[in-house]
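Below, subunit A partners subunit B and then partners subunit C, in two separate complexes.
Coming up: the complex of A and B.
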């Protein structure tokens, strides 16, 4: 899957999880940039992403994600 | 009612769109508010978020207290200022096997393991006793799920040193406590984990990453289970299962193939599966569920089908049979009227998706499970949690008989021309007395179940009822009614708080199955005479409107009270002078 396509799908997930239609994420987006992205919401977010792409992140991936760009790297690894 | 919140629940959607779903659910009217304290031995945030959705769907608007991470025991045993001020209506203790602090060692002898078991049990017992003393509210306690690995392999379950064995013994002790303490309910996560699949349920990533004791996707299932218990405690269980006939209770169409042609009975697989379903439905009667038929059929054919020798269900098992060609939503309303029950306490089982859609969109509030494959019928009804059992009072067990007696009364009423004569011919006998311990459970249940003939809709736990019964400031009466067709059990509850010479009515309710029998007159006669004996000059009645209690809006007026106040929301206050009261003496023989 192309990176752009992954971002497109990711935006949908973010919009659902944070209940905000205006969210658009990019390579450098981090938790600080999205209102409500706290540690609890992060869990829901990861579960929704796993569901969307039909993948499962390992614990190693989960602890090392620093921004959305790295998230996309891991998604590509798992696809 | 939202489909994704009903079996089979859509966990992924509930997790992903919870914010949006919550907003929609909050738009409903007539929600009752409850304060739920969730005391966790692991992370509880998602548990609470999902629990909120399920409770809202059941018409309960929760406010939550959450213990700090894993502080369940400390909060319960020592209390916190915040929890004390919160005054929980219900406490849910979310613990699992990881909260067991010590397990047997392989070198332990039997005695050592026994004392270890006592120690672990006492840890919980102390907590439950403290909660009972400090809060006196219903408690929901998880049992233990199985551990995610078995050191002793298959022997783990049978050897006294195995963790699985130890946990199952601890669970048994929990169940014994539940059996001997009312208001204490086990949330069976051992079963939930088995249904979900233990490996997936106990995915260690969620414990190690987030300190969730189960995987995220299973949390909605857990929360639904807790919500089922809570809604059952507060009288929001469904009461009636309304069934279609053709391809629901038997295979085939009785009107086409005749009674010989339908599939029911052990001879062939399709007959077998319908037999099993009929037996399940019949068993529902034994937990107090009322059964009715709503089917497009000629009545003659319907009855012939129900009299099939291989069927477990017979026409007598149903409190109402509507087999005709009317629309099913119309039949549904007629059944509700006959039984004097809200149609929103109905569950409708029909194999035909078109009929299900009609009922779903009729706005009646009937639950419509997805009965789309006969082999799954039992599971769909069972996992739906519609009839969650939290107490099986003898009244529940006798309910079906009572409704059948009601049908006999209706027949008598139609045969006796004059209503007064009809009442006399019933030979009614009532017992009207202060609250007594053997009826506390039933009284509390009535305060939670009665919606229509309920002036104040004050919902009470057994503890609340006991408090009223023991307090010198309260005048409490229950009323039990029987007649020649049967015993209705406790059907009316009133309780007033004494303030000087006035008695302020906090509870006044009656079961609708004894409407128009003079029982309300008998209750008031007794109340006034008891109040006057205590030197009370005035009885002050309160009516608080809800979407369901319109039938008693003018109740006090009919009983001779005078209205003294009314606010913009329709809340009214009424006064009755005990000195001027003329007893109504209904045709009931009363024992005090």
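Coming up: the complex of A and C.
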């Protein structure tokens, strides 16, 4: 799957999880840029992404991803 | 070897000197020798327990890495040919094999921690309830730092299994990681891949005179916090907590406030001392406090108080719980029946309840710990979240804008009062004592006499000299408050001082030396307290 396609799908997941249609994530987007993306919602977000792409993030990936760009790297690794 | 003793200062001086004399490649051996000497100065038997745990961790980490490498090389060879299902199955098998070794380290570490820290409490409880005669482990002394190094070593093997750090090839370096003398007593919790490259790196280290001065300023500020604030104001806290039945209303409130200041000055003072010593050797220790009393709610307070414990528990307990199949399934099924928000919240709260119970229990065996820094914090956070819409409406009605100074003051005061309330149970021998003491808080008509009664006591706890130092003690607390305020505003106080003219700097240095020598609690006749977190 192409990176742009992954971002497109990711945007939908983010909008659904955070109930905000205006969200558009990019390579450098971090938790600080999205209102409500705290440590509690992080797992909910990852679970939704896992469902969307039919993958499973390892705990190492879960705790180490620094921004959405890294998140997409991990998704590509798992696909 | 108490941190407030001259022996310790001599020990640090020797260690730092040796550290710079020895070639870069062998500097870590100086730190290992210093850590072993420091540990043995407290407990000889304990070093064997620590070494055994570290060695089991060392071998397990090597095995975990080998299993992980096996999977990765299979993947590299078969990535094109293997189906997604096959890859998943291989990965799962490899992870489950790795988990056996993680489980071994967890069982050994937690087993020993339970034996030394909690077993006696439960055995005594069972003996009382069922008139049995179980061994109550009275003769077992808690090995120094077991609550800290056990979690650190577990974190290390878990990180190796998660592929976040490489397994260490030298067992002595794992022993150094577990026993490092700057964090063995009461933290901070170091991550292997943050600490060890600094301890074992082979780059040449240089200490400029400027960095030396900054480090000494940090250490001195730590000693002022410990010896001139915590140990002095601790006398007031001890008097009120030990004899709460004698006091009421504002007298009890004074004791509660004194303990809040004591705990903060004691714990953060220790962190400043060890972090400054680390700076002397070019080692950066993780930050454990970030002006916690300037928090808008209890969640934020805990992100600024004992930061490394919270971060450790989040990564190694909270996330795995929430990411477990049971919790994910619960989240999904509850979201379908109760709606997305509620469905998400219930498993999150359940995970938080487990987490906070563990944080409380980590502090000690006793319901007062589990309640004060565990369950009560959970209740504060959940209530805070549930009532957010209500408090927002109230703030709007009172025209208190988000982030405005009046609102921030109200939030800080609210946070401080909630923590003072919780710490009553934390600092009481039992939960019942805490409850009785709080009962005394609401008894009697508020009057100044309730406060002066604390100082007019004939108790030996508040000595004559202590009363004479009171104005200076309050000045020190004020300086602590202003320093935190400046840190909160992003001012680097040490750097600012060093940029001032020579005369100003000399006055600051003299004031520090004068304060510690004249107003510090030290010497043979003074009942110097150990650091409060030392026992955990």
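Simple rule for what comes next: the second predicted complex is superposed on the first by the 79 of 79 C-alpha atoms of A that agree within 3 Å, B and C clash if a C-alpha of one lies under 4 Å from a C-alpha of the other, contacts with A are read in each partner's own complex, and residues count from 1 in each chain.
In the analysis below, contacts are C-beta pairs under 8 Å (C-beta built on N, C-alpha and C of every residue); 3 or more make two chains touch, one makes a residue touch a chain.
These numbers were taken from a predicted model, which means no experiment stands behind them.
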Query raised in the report: So, A:63: does it touch subunit B (first), subunit C (second), both, or neither?
Result: both
Requested in this report: With the two complexes superposed on chain A, say which partner A:47 touches: subunit B (first), subunit C (second), both, or neither.
Outcome: both
Requested in this report: Identify the partner contact of A:73: answer first if only subunit B is touched, second if only subunit C is, both if each is, neither if none is.
Outcome: neither
Requested in this report: Based on the superposed arrangement, let me know which partner A:13 touches: subunit B (first), subunit C (second), both, or neither?
Outcome: first
Query - subunit C-contacting residues of subunit A that also contact subunit B - result: 40, 43-44, 47, 58-59, 62-63
Query raised in the report: Considering the complex alone, what residue numbers of subunit A touch subunit B?
Result: 13, 16-19, 40, 43-44, 47-48, 51, 58-59, 62-63
Query raised in the report: Tell me, which parts of subunit B touch subunit A in their complex?
Result: 12, 15-20, 23, 45-46, 205, 208-210, 212, 216-217
Query raised in the report: Quick one: in the complex, what on subunit A touches subunit C?
Result: 39-44, 46-47, 56, 58-60, 62-64
Query - Residues of subunit C that touch subunit A when the two form their complex - result: 88, 95, 158-159, 161-164, 314-315, 318-320, 322-323, 328, 331, 344, 348, 352
